[in-house]
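One chain, subunit A, links the two complexes that follow: it is found with subunit B in the first and with subunit C in the second.
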Partner chain A sequence: MQKSRLTRDWKECIWGWFFILPTMLGLIILNIIPIVQTIYQSFFKTGSFGRGNIFVGLENYKNLIEDSSVWQSLINTFKYAIVEVPLSIVIALVLAVMLNRKMRGRTFYRTIFFLPMVVAPAAVAMVWRWLFNSEFGLLNKLLNTVGIGEVNWLSDPKITVYVVAMVGVWSVIGYNMVLFLAGLQEIPRDFYEASEIDGANVFQQFFHITLPQISPTMFFVLVTRIIASFQVFDMILMMVDRSSPALPKTQSLVYLFYRYAFVENNKGYGSAIVVLLLVIIMIITVIQMIMQKKWVHYE
Partner chain B sequence: MKKIKYGTVIKHILLVTGAIIMLVPFVWMILTSFKTISEATQMNPFVIFPSEWRIDAFENVIRKMDFLKLYLNTFLMIAGRILCAVLTATMAGYAFARLKFKGKNFCFALVLFQMMVPTQIFIIPQYLMVSKIGMLNTLFSLLFPGLVTAFGTFLLKQNYMSLPKELEEAARLDGCNIGQTFLYVMMPLTKASMVALGIFTALFAYKDLMWPLIANTEQSTMTLAPALSKLQGQFSSNYPELMAASLIACLPMIILYLLFQKQFVEGIATSGGKL
Partner chain C sequence: MKWKKIVSVILAVCMVSGLAACGKDSGKEESKKTDNDSKDVELTVAIWDSNQEPGLRTIMDGFTEETGVKVDIQVTTWKDYWTMLEAAATGGDMPDVFWMHAHQIDQYAEYDDILLDLTDYVEKSEKIKLDNYPEEISDIYIADDGRVLGVPKDVGTSALWFNKTMFDEAGIEYPDETWTWEKFREVAKQLTIPEKDQYGLAMKPASDQESWCSTVYAYGGEWLSEDKTKSGFDKPETLEAMKLIEGIIQDGSMPEYSVLSENDTVALLESGKAAMVFLGSYMLPRLSANDYVRENCDAAPLPVGPKGRCSTNMGLAWSASAGGEHTEEAWKLIEYLGSEKAQIQQAELGVTMSAFNGTNDKWAAYEPQFNLQVYVDALEDDVIYPYSKNTQVWYQMILDKMVSVWDGKRPMEEVCLEVADEMNAYLAEE
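So, the complex of A and B:
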């Protein structure tokens, strides 16, 4: 008995490792080793194609701290996130609440709001670039007819980062909305019925039932959106020209990483930038984990 | 009673306005792609429709870009990544959820850790690896970052954990070994999660720009997203052609989405909601 039990455990162990082996191998090669390598690389100055690595200690990090373009791109990233995250969440939540009850055209609306999720940012950014074109774009033409002069949406350093963030909001609303809709479905109907008997209006219901009940979903959306918004890249690459005077005040940390690592081939410095990104994202995520105890209601 | 009607009207007005804003870029993309350059750049904003629906822009752009090849490469990349992701994640998800073995908790901690790290941190070493084995500009390089998926493993594990224990026990009593139990009893029950992971993987691969941009610089293995970004660099002011190209690039996925709308939305909702 004891023996067969042992062989059974042993068999299970072999099966277990057999099942996870491909994933673990891949994970180690594709992710774990690269993390170590990236951190290692950030202490080196890179020759072309990874050859001729010269150990420079903390020099990359010293340069990073003294590099005003890094700080500026960090500020840009924050600006982007501060517009994109709250706006996309609030609008998506309002839409989800409106579409939660059975109504006419519900599927139709849901289909439309989700549509930007299935198109490549590379394609859609091109369309927005065209809409925002300062000479011939639809937006400026319309503004022109009401007497407002040209706005340089994508070349005015003061506004471009917000314009890109608005496009970010547009492209992610549907995703957030679908997650909220799934969360709203979980709220028991009788909560609302009971509150109706107590004479609560729609707004009271929203703040006292919907919002607390949906807070776990909200937490998830918030965490993933913040992380994603800190990685904004495609939209900036596609919408803002290399020659645009707005680029220094729009480029994100990841955009800067891409330029250093793959255009200027300075892999060491690129690695240092991406380590900085990792540290920032980790800090923000930890803060959110601590804060969640204050506002997320789990059953 | 009247009050409720009032609310419904406002609701619909808001929704319709929102829907229009969501659709404007798509409509403008379609309209512009059928115009001539001079029509597209006319100053009067109320020239909405092309005077004549021309397909010149499409013809030009198809001549410049080998869309058949781009579709094929993109399709192969997506199909390959779905296959790898679903296969590896299903196996690993089952083991993490249902089997007892040494080192399980540590391995799963690695899976969770990967999910919390921004993907850009892997890119330089991944690029150097692919370049070292001489596989840049191949289909393999397009698949490479997607060979396994921590997210998918987590998603499938959650699904396996929610299945009743009795099923598995019954299968084992009937003489199935672990592999058979998995293959014939458990795996078929996670079809919905597998579809969700497939859709998630497909969208992610289709939208990814940075990796194909750096791993693929040759025409023969180019995919849609980087091809568009290259096109924009070359013909940045010919808007009818740029719009025609993005329309051609978007259309297959939009059609798939409209056909399998429910699966798309639910796939994203479950894969998001399970985390």
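So, the complex of A and C:
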């Protein structure tokens, strides 16, 4: 009796591992091994083509601490995240609540809002780059006809990072909205009916039923969005020219990593920058995991 | 229960037939590989200039006709080209044949299993004699240990493009070979009419190869010492030239820096915003395709400095991957592209100036309405565009720092001295 239970446990264990094997393999090959290699590489002065690496200990990290452009990029990244994350969540949530009702053309609107997600980011960035062009762009032409002066959307150090963030918001709203829609469908209708009988208005319903009920989805969106916004890169690379005076105040940590690692071929230093980013994202995520107990309601 | 069985049978049949289909496919591929005839070989060729693609396509078609080897040209923009090539080299999957640049060759030359060693091929070849190309260009692509790593493709000099209509309106004579850089500065100021949104000049930090790098040499300065160990940015002659550039910026003869940074200088010429821009000879396909430029613009020699006229000259080379599957065919293609016939064709088609000596009168004749002869003449007083082993590191640093001068934030001299210091530090590491 004892023996057969043991073998059954054993069998279950093997099958369990068997089923997660494909995911595990993917994770190990595509994520974990590269992470370890990146950390390892950050202790080297790297040669071209991944050869001739020289061990330099903590020198890359020492340079990193003294490098003001790294800290400026970190600030830029925070600025980007502070605009992109809350805006994309709030707007997406409002849209989701509005599109969750029965209404004419509901699928049409949902499709429209989701479209930016389907288009390749490079194409999105190229189109916005032209719209924002200070000399030939549509936006400034419009501003001119209204009588407001031209704005250097993509070369004014004060605003460019927010301009890029707005495009980020625009392109991610649809995705967040679909996640929220899925969350909203899960809320039992009886809650709303019961509250209606008790005389609650739409806003009370939203804050006392919808928000708490959707908090697990909200938590998921928040965590993934923060991580994604800390990794912003493609929009900046495509929209802001290398010679733009706004670049130092716009480039993100990942952009800086790209420049050092791939343009200037200093992969060791690039790795150190990425490790810094990894640590920051981990700290923020851990804080969020702890904080979630205060506001996320699981049933 | 019955349904479940039927469904599972159908599924099983689908899966098996899928497998069978797979088997067929792989069988086909194998048979392809075994008869490794030249006819079935397709070479991948990587370039970065889409302007040159149509012309090169024509030339490569000639190669395919002669040998049966097909060629697939892949264009990656300059910005991503070296990232692509470096990653491909690291992963051992480079294109068969590709463009090589002086700024990058030394890194690739460091190892002997990345670029195909062409020394023996060149020695045995009847079509390729390195004496046929300018020595200063072919030398770039010969490694320190004597390996030949590339066959010269082209040469590239610079000229001043100007808008004839704007000169006529202002009643100023067209630029000619007597123009000094000082005179140029004066005229740029005169041609600036902000109310009309017209500026005398468009030039940005990254226009260095076409403009201000040449200015430095025309003033007797230098970017880099001849032995490539010291920066020349702190030399008095260099500073004098760079201060002239600073003067042009301060004159307000150029559009606001934000406009410059968001647009190519050539686009500002094409849209009638800039009266003068400096452009390299490789821009010809784009310029001759533009109606506005054809109607209003022409080329003139670069202005002269105290040390005479000087234009940077940069020539690319064709290199091949050492680890490629079809190195023999790759060499055949390079041999073809470097041959007199293809080089003349490249010039005749207006693709770009060819490296083969004496072929460029044909290039200058490609578009008789433009004074293209100035580019050919510039080969007489040229200086090779400066490069060292790890050029990208200091070159990018220079461009980044120059932004603050163009932007009006910092004085030129201060920035140049800073550039010299940092450049020396980088060069010491090489």
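Going forward, the second predicted complex is superposed on the first by the 269 of 299 C-alpha atoms of A that agree within 3 Å, B and C clash if a C-alpha of one lies under 4 Å from a C-alpha of the other, contacts with A are read in each partner's own complex, and residues count from 1 in each chain.
In the analysis below, a residue touches a chain if its C-beta (ideal position, glycine included) is under 8 Å from a C-beta of that chain, and two chains touch if they have at least 3 such contacts.
Remember, predicted model here, so these are calculated numbers, not experimental data.
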Superposition on subunit A - do subunit B and subunit C clash or fit: clash
Partner chain(s) touched by A:154 [first = subunit B, second = subunit C, both, neither]: second
Touch count on subunit A, higher of subunit B and subunit C: B
Partner chain(s) touched by A:244 [first = subunit B, second = subunit C, both, neither]: second
First, second, both or neither for A:127, with subunit B first and subunit C second: first
First, second, both or neither for A:136, with subunit B first and subunit C second: both
Subunit B versus subunit C as contact partner of A:233, first or second or both or neither: first
Contacts of A:212 with subunit B and subunit C, given as first, second, both or neither: neither
Subunit B versus subunit C as contact partner of A:262, first or second or both or neither: both
Touching partner for A:12 - first (subunit B), second (subunit C), both, neither: first
Intersection of subunit A interface sets (partners subunit B, subunit C): 49-50, 133, 135-136, 241, 262
Subunit C partner contacts - residues on subunit A that touch it in the complex: 47-52, 133-136, 152, 154-156, 241-245, 259, 262-266
Contacting residues of subunit A [partner subunit B, same complex]: 9, 11-17, 19-20, 22-35, 37-38, 41, 49-50, 91, 95, 98-99, 103, 105, 107, 109-124, 126-131, 133, 135-136, 138, 141-142, 144-145, 170, 173-175, 178-179, 181-183, 202, 217, 220-221, 224, 227, 230-231, 233-234, 237-238, 241, 254, 257-258, 261-262, 267, 270-271, 274-275, 277-278, 281-282, 285
Interfacial residue positions of subunit B with respect to subunit A in the complex: 7-8, 11, 14-15, 18-19, 21-26, 28-29, 32, 40-45, 87-89, 91-92, 94-96, 99-104, 107, 110-111, 114, 116-129, 131-132, 144-145, 147-150, 153, 177-179, 182, 203, 206-207, 209-210, 213-214, 224-226, 228-229, 232, 236, 239, 242-243, 245-247, 249-250, 253-254, 256-258, 261, 264-265, 268-270, 272-273, 275
Complex contacts: residues of subunit C adjacent to subunit A: 79, 82-83, 86-87, 89-90, 107-108, 110-111, 114, 204-206, 255-263, 271, 273, 390, 392-393, 396, 399, 403-404, 407
